[in-house]
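Here chain A shows up in two complexes: once beside chain B, once beside chain C.
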Partner chain A sequence: MTVLELLLLAAGGAAGLSLLARREGRLGQVGTPLLFGALVLAAWQIACVEFEIPRVLLPAPSAVAAAIVRSLPILAADFMQTVAHAVLIGWLLGSGAGLLAAVALDRSAFLRRGVLPLGSLVSAMPIVGIAPIMVMWFGFDWQSKAAVIVVMTFFPMLVNATAGLEATGTMERDLMHSYGAGYWQTLLKLRLPYALPFVFNALKLNSTLALIGGIVAEFFGTPIVGMGFRISTEVARMNLDVVWAEITMAAVVGSASFAALALVERAVTFWHPSFRA
Partner chain B sequence: MQAAPPAPTAAAPVVRARNLSLVFDADGQKTVALSDVSLDIAGGSFVSLIGPSGCGKTTLLRAIADLERPTSGSLVVNGLSPEQARRNRAYGYVFQAPALYPWRSVERNVMLPLEIMGMPPEERRRRAERYLDLVGLREFRRRFPWQLSGGMQQRVSIARALSFEPALLLMDEPFGALDEITRDGLNLHLHRLWRSTGMTVIFVTHSIPEAVYLSSRIVVMSPRPGKVVEIIDVDLPGERELDVRETPAFLAVAHRVREALRAGHSYD
Partner chain C sequence: MTRWGRAVLPLAVVLVVVIAVWYAGAAWLNFDVTANLAEDDATTWEILQGTMSQDRPLLPAPHQLVAELFSSVFEHPIDSPKSLIYHASVTAFAAFLGFLIALALGIGLAIGIVHVRTLDRSLMLWIIASQTIPVLAIAPMVVVVLGNIGFTGLLPKSLIAGYLSFFPIVTGMVKGLRSPDPMQRDLMRTYSASGLHLFTMLRWPASMSFLLPSLKVAATLALVGAIVAELPTGAQAGLGARLLSGSYYGQTLQIWAALFMASFLALLAIGVVDLFRLVLIRRRGGRL
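Up next, the complex of A and B:
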């Protein structure tokens, strides 16, 4: 490839981008990041080939793509182990328990004052410290990874949901009081719906935390399957294209779950000022 | 399980306050909100509480609604304590802001108190339709509150307060945040509503024309400490159009209210 060809490619890409970015509607919204991503990949590919970058330092996108196709069964097994079991179950249990705890603590200012500072202490505990402990407690399989994720996701949900339950205005509470509504009626018909935007914030935050936690926790003892296990062993075997294939999968899974949660959030809290049409 | 309110007669007022006092105590800082207030509110009347900020008019309304506890004195609502009256759903309360729930459609906002009171769905729908019709918003029932103007939202909150058919309607400066044209329209609307239902209304305001136009009786209050200065009967025709506000009789009552407000207000 000559310098001229490279310049032409860059100029064409830039012109296409500026055209697309100015377009209103779907084409501009979806097309711009797609074209931008394609240009970055192209630059990456060209750089790897032209400058002969060693595969161990940075494999070309084509090599990563080939690795993905070649190791599809391995990727599928790792996905089942790490995402479908550890991450999903840990995220559900941690977030669910955090929400239930917020409702339980809500009735007692004394407990709230005691537990919430404890929560920041637990949140500050490094995952590299708790992961080996959880392996000792729950064994090598996905259960110990799920336990790490429960610890990581419980307090963000507890703190957010508590703030959400306290966010209800006095006028709305007085209104329920004037109807003679009981604690549970007020909770279900007023305070929980009011707390939903806070709960979704925590769910989205936790989805990212859970994926990181699930992968990193596998560095500390695991059966011979899983995304974290694969990354650590393939790095040792210098198979960096497989490592990049796992990273690609993690990025896709992370973005997809975040996007799915954002869609559900939009459908459920359509009334919130940030979504109102 | 709705207790039938006692028949409104002159002998048994809907609200009876005797030597009512209420002191707020915030971290040792005592504020006397109500001092020695005695007042009877007859069934079927429209009573306005008027006075400058800090005169305790909202506090008095909130005490009647069992949203504040009086420090001393006696307060009887429908022959019961305010708390029992609240538990019997004796009153509907309209706040300064609509306080509608944004995740509920207009119709489901009106149904909220009915759900809490355990009314069957069929009856809930019928009531919501009826009272939205009454405030002229039936065709907006599937909309969400935030798709409506401020005046329309406040009308929804009035329909919500009326939906369980309380004999007593408590309104705390419900039109205070609205522009004058919208306010005029709602005043006319409220006046007709009161005439047609025969319910008792207690209305907090600091607008003299609004109080005179709407009320059969005006309670003038003064601040620091909040007390009743004068009670003025409004001798205007029962059925009132907005232009009654330009008649000499109306202006005479407005003048009396203004004088009473001035007498109760010390410019220290």
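Up next, the complex of A and C:
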């Protein structure tokens, strides 16, 4: 009976998806992934209820939704601890420091050749591993998580912003020179605006990195609040619906900050060819 | 200056500066603890010397770290739990297995996405969106749930490593398989190439220059995934287990050694991808 139900859902869904995917325009582009998401949710729900999958293995979407509503205050507290403090502050400090370092390094080709290889090296390392060291240095609270995030986000910004500062051509620089513009005027009015698309690239990349860093660093020790803390303790207590609620929140925060940054980028770099098409 | 000197000299200077700052930091951070432990009539100079050889320093001096790495790598048999090589191999094997799973599934799905419009429209948005989501957050849940139904050790770690490295491989591969422009595809058609030929002689070779950078990202992600997957169960072996037990018992040298080993593994993985790239370039007569 239920197998039949699921098979019907799969067959109907596949037919609907392929019909929708052939449509041009908005409907096909946005409708198809939405329908696919809805189908996955429906299959998940039906399977959980009908096969009586234990709650400690996989809670149904309805149970997760109920957990979200039920534990709104907890979610809000975790959000304040992890996102509003550790992630936001760490992201701002790390990206800001990376940008400043890029401007400073910009004046010396020698230093750049020394630091940049080191930067891409560090970017490839599993930096979240420094979390226990940062806990030792900055304590259990959000400061140590922010420190991890600063280290994680510094180098991507440094590497990207340096590439951005080098993006101006000789023609633009010569024009500024012929206007009698000095180093700072050229930097502020030509080279930094030109570097903005690169900077936003790093900011978007860093927003995901910061969220990962904030959550994973909490696995190593934290006061009794925070998204990573909640995930690790509720997993141990088999409250998987709360864990899924936290994961849902992490997903929403991640994609929302990415989308917000993309909107700001559009507003700030409206002159860039990629937005004028 | 030679090209070699242009590249190496700046790097050497920066490295020397980093090590000097590191020593200064070690002296500064460890000073208080050392002063408390030292005898009352110890001079500042004696305390400064002491900061370089603490058992549990806040920041170990570089030579301490080198000594710790050396002893944990060379002075224990490879199969003993005191050997860092043993822990590194446990983590590296899980990461590698996950990477292989991700490679097979990722390339397979990318081929499907490029050829089947329904798959493309249904999945691509979710795959791209998933890159803005901290997927690593599900690691503890996957480990514990799989543990409940009897899977422990290698499998959960490899699954998480594979899950993380799956997404960059799919996006890179889809981009790569789509990279041949219409003119090249038309040329293939004038040769009356079949669909299979179009794939094996145009799309597949063209995709490699997109796949390789994705592989670097995927390899480091697989490593991070394997390390983080060792945290929630308090695994006995692996670099993540070393990090965790080091932080429980305040064994800073152990934490730093595990971190350096993890970074070394990441560099090794990237080196292997680079080597693969060189081999590929040579086989293709000088370009990718």
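The working rule: the second predicted complex is superposed on the first by the 238 of 277 C-alpha atoms of A that agree within 3 Å, B and C clash if a C-alpha of one lies under 4 Å from a C-alpha of the other, contacts with A are read in each partner's own complex, and residues count from 1 in each chain.
To be clear about the criterion, a contact is a pair of C-beta atoms (placed from the backbone, for glycine too) under 8 Å apart; a residue touches a chain by one contact, two chains touch by 3 or more.
Just so you know, these numbers come straight off a predicted model, no measurement behind them.
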A:161 touches, of chain B and chain C: first, second, both or neither? neither
Touched partner set for A:58, first chain B, second chain C, both or neither: second
Partner chain(s) touched by A:174 [first = chain B, second = chain C, both, neither]: first
Partner chain in contact with A:134 - chain B first, chain C second, else both or neither: neither
Which superposed partner A:146 touches (first chain B, second chain C, both, neither): neither
Touching partner for A:193 - first (chain B), second (chain C), both, neither: first
Contacts on chain A seen with chain B and repeated with chain C across the two complexes: none
Chain A residues within the chain B interface of the complex: 169, 171-172, 174-181, 185, 189-190, 193, 269-273, 276
Residues of chain A touching chain C in the complex: 14, 17-18, 20-22, 28-30, 32-33, 35-37, 56-58, 110-115, 117-118, 121, 124-126, 128-133, 135-137, 204, 207-208, 211-212, 215-216, 219-221, 227-228, 231-232, 235-236, 240, 243-244, 246-247, 250-251, 254-255, 257-258
Complex interface listing, chain C residues touching chain A: 6-7, 10-15, 18, 29, 58, 117-118, 120-126, 129, 131-134, 136-138, 140-141, 144-145, 148-149, 216, 220, 223-224, 227-228, 231-232, 239, 243-244, 246-247, 250, 252, 255-256, 258-259, 262-263, 266-267, 270
Contact footprint of chain A on chain B as seen in their complex: 65-67, 86-89, 91-93, 95-97, 99, 101-103, 112-113, 115-117, 144, 146
